[in-house]
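Below: a set of structures, written as structure tokens.
Common to both upcoming complexes is chain A, partnered first by chain B, then by chain C.
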Partner chain A sequence: MTDISTDILVVGGGAAGLSAASEAASCGARVLVVESDLQLGGQLVKQTHKFFGSKDEYAGTRGYKIAGILLDEIEECGRGVEVLTNATVTGYYAEDKTFTVMRGEDSYSRIKARRAIIATGASERLIPFPNNDLPGVYGAGAVQTLMNVYGVTPGRRVLMVGAGNIGLIVSYQLMQAGVEVAAVVEAMPRIGGYWVHAAKIRRLGVPILLKHSIKEALGGRVVEGAVITELDDKFNPTGQERSVDCDVICLAVGLSPTTEILSHAGCKMRYVPELCGSVAERDRTMRTSNPDFWSAGDAMGIEEASAAMVEGRIAGLCAANSLGLPAKMEKLDEYWARLDHLRAGEVGEKIRSGIVKVSRGGWEACCNE
Partner chain B sequence: MELIAEHPVLDLSYFKRGEKVEFTFDGASMEGFEGAPIAAALHANGVRVYRETPNMRRPRGFFCAIGKCSSCFMVVDGVPNVRTCVTPLEAGMKVETQHGRGHARIAPILPE
Partner chain C sequence: MSESESLFNSGILTDERPGAIRPPCDKWKAKKSGLVIVECPQRIPCNPCATSCPTGAILPFEDINDTPVIDYEKCTGCAICVAVCPGLACFVVDLSFGKDKALYKLPYEMLPLPSKGDSVTCLGRSGEALAKGTVEAVIEPKRDKTYVIHVSAPKEFANDIRAIKVGG
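Let's look at the complex of A and B:
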């Protein structure tokens, strides 16, 4: 067991964590980024499509290239940002303000940090159906990791479950990788994702079956097919079933914020359906009710990389400021203007109504060191 | 191997593929890329079943790919419960299907 100490610990090296780290380091903080994956970048490294959003957040740039831009920025911070990959923060012990981190499979360290920024992103949801444990039933993230990070073909023919943005985009990515997509099934009577993404796969002849869901996976040792069923208005099976030839069933049925460490730290949490799960209450600086903890990105509510990057910058700036470092706090208003812009209009409606429920004017006991 | 050979957006050099190395799976020799997760190397070799559950003997494979679900536990170089989706492949690794919980040799804890 080794001991590590740092000014600011950033847990998670995705869009939010990387932005937080470079912002804090640019104020002069010593930052440590701990990332459980073998490389930095989070979800971004797996996205081959051009992103929406605004110019400041690289709209029109492909996801994996945005990851490249953020990594260059980290590189420029030099020794201001240290990085541990293949390292998972497993817990926070409030009584002695210590984090534990597992590096690889069997090496552990303790980390003491004056401030922490939790940018752990999201975890995928599961749905129950017979044989959903068979090898070949994969989360959308796993399918993306195999094909877009390691260049391994996930299968021959895929049934996609879920027509939200992730289901639609991953279907398209599968076709780019030369994999056939049998169909996309969606329980709701409408497509959840953006029309552009749906149109791209429809043009390539993939049926999007609304009011349909998976009934069961078929196969003895691995997935050899699936049975799908039509649903009525109350989501009950109508009895209209058909079997689908596939060797992979890809689940894209939603994400929930990853918040265990915030809970360990005793941060006030609240279940907010619009943000897709239980999330921390926060003030304008992305600080939680525990004055040593900030958080940003999907961990604070499922949204987009564009918003995750801005929230990360806010958290990095304000955590550095709380340490008495020369942070340009006038940037806070500019960052909020960007967030408001990203969340404007009809598409941002749900996010805005969720955020209102967990926003606090400020924490009474702010401890500036 | 089941590898992507061409891609309209990604240059093949983007894929994290280290040097080609040999390893064994349940005694059979296989090839994979060093530094990529063991589970990805197995998948590229067409192997999908990584362990069997303790009680019902249900096959388990890849699922989350981020080291969080324990679906991909295998015995690697004699060590059970290794998360193969996040453990990098090394030359000569001995990878085995894990049956049940797996057994670890517990080293005695010596006073520091």
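Let's look at the complex of A and C:
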């Protein structure tokens, strides 16, 4: 087992982690980014569509290109930022303030860091239904990885479960890859994602069936179809059923924040439905109740890459500042103005009401110890 | 929930709303190169249409969540917004194109890419085939893989044709 030490450990190399790393390094911190995947970029590398947001967050640019922009920024930090890919942080031992990291399949290291920024993103939720263990039932993330990272189509004809942004966008990407989308089923009486994303696939002929869900997958050894059912106002099946011809069932029913390391570190957590799971309490600097730990991005509540990047910058700036490095703390107000801007709309309302529940004012005082 | 409301809730525009207002008829008919039609009726944090319109025809947003408002006097039908809108919610329809035909400038990100002269199927908001159209030009304004396809097709569908299907 080897030992590594750094000023600031960033766990997760997605939108939030990369932004945090470059911000902290630009203040003069020595930063180590640890990423489980073989490459940096997190969810961004799978997003072939153009992003929303404003120019500051690269609106109108495709997700994977934004990953490229962030990687160039990391490159420019030179030796300020070191990166370990194919390396997973498996735990934090509070008694000796040490992280363990598994590199590849069988090599372990210990990491000692003065500060940590947890930017581990989210994991996909699944729902139970008969035969959901058949090959051909995928999470939307897996479908995206197959198509957009490895260039492999998952099948011929897909039933999409869930009309949030992920379900809508992945449906569109499937069609771009030449895969048919049989239908999108959504339990709620309206789409959860942006209306324009729904309109995009509607005009290409994909039905979006509101108040519908999957009842079961059909097939012996692999998915050969599905039965969908209509739901009433209380989400109970109405008995109106029909079968759908498909060889792939793609589940896009939501994400939950990945927070194990924050729990290891004893950060105060709280279940907040608006943020899609149990998340850490935080102050304005994205610091948790453990004064050595910051967090940002989907790990702090499921939101968007645009917000994840700004939160990452806040965490990077403030973690560096807490080490006594020359951080331009006046940027904090500007970053918050950007977040407030992004969260001002109808869709941001949910996020705002969730964040209020986990925001704590008091910890900022210990910023400059 | 009414039929039209549930259609709208599933992504089909059923009537005019803020962010999805049609151009005034007289101006539209007279305008060479056409006018923009925006169908973006939900407040979302997005503004590239406004920030990239070269003439300021899509009025600057006060708040990034605003829905687009258009000054038709300023719109030149250049279709830059068609190419940059990440929601594929901007279209240009040129009613001055011909006697019976209008020129539809539509965003396209699918395969195969059509070529000038090809016959394509013009689709409405729920993917229904409305008419055959002829590809007049294939443009990639921002060199970013969003194409703007110029298709000539019957004028009567000016309020309906919003996509094309190539081949098959």
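Here is the rule we go by: the second predicted complex is superposed on the first by the 364 of 369 C-alpha atoms of A that agree within 3 Å, B and C clash if a C-alpha of one lies under 4 Å from a C-alpha of the other, contacts with A are read in each partner's own complex, and residues count from 1 in each chain.
We take it that contacts are C-beta pairs under 8 Å (C-beta built on N, C-alpha and C of every residue); 3 or more make two chains touch, one makes a residue touch a chain.
The shown structure was predicted, so the numbers you read here are calculated from the model rather than taken from an experiment.
Visitor: Would you sort A:E124 into first (chain B), second (chain C), both or neither based on which partner it touches?
Guide: first
Visitor: If you stack the two complexes on chain A, which partner ends up touching A:N321: first (chain B), second (chain C), both, or neither?
Guide: neither
Visitor: Classify the contacts of A:Q39 with the two partner chains as first (chain B alone), second (chain C alone), both, or neither.
Guide: Touch status of A:Q39: first partner only.
Visitor: Of the partners chain B and chain C, which touch A:Y194 in the superposed model: first, second, both, neither?
Guide: The second partner, chain C, only.
Visitor: Considering only the touch criterion stated at the top, classify A:V347 as touching first (chain B), second (chain C), both, or neither.
Guide: second
Visitor: Determine, under the contact definition given at the top, whether A:T285 touches first (chain B), second (chain C), both, or neither.
Guide: A:T285 contacts neither chain B nor chain C.
Visitor: Is A:R62 contacted by the first partner chain B, the second partner chain C, both or neither?
Guide: The answer is both, since A:R62 touches chain B and chain C.
Visitor: For A:V222, is the partner it touches chain B (first), chain C (second), both, or none of the two (neither)?
Guide: Touch partner of A:V222: chain B, not chain C.
Visitor: State whether A:G178 touches chain B only (first), chain C only (second), both chains, or neither.
Guide: A:G178: touches chain B and chain C.
Visitor: Which parts of chain A are touched by chain B and by chain C alike?
Guide: Shared contact residues on chain A: 62, 176, 178.
Visitor: For the complex, give me every residue of chain B touching chain A.
Guide: 2-10, 12, 14-17, 33, 35-37, 40, 43-44, 48-50, 58-68, 71, 79, 82-83, 85-88
Visitor: Give every residue of chain A touching chain C within the complex, in rising order.
Guide: Against chain C, the touching part of chain A is residues 49-55, 59-60, 62, 163, 175-176, 178, 186, 189-191, 194-206, 208-210, 304, 306, 341-348.
Visitor: Contact residues on chain C for chain A in the complex?
Guide: So the residues of chain C touching chain A come out as 1, 6, 9-13, 39-48, 51-52, 63-65, 84-89, 109-111, 123-128, 144-146, 162-163, 165.
Visitor: Taking the touch rule as given, give the residues of chain A at its contact with chain B in the complex, in rising order.
Guide: Going through chain A, the ones touching chain B are 36-39, 48, 62, 64, 86, 88, 104-106, 123-124, 133-139, 141-142, 145-154, 176-178, 221-222.
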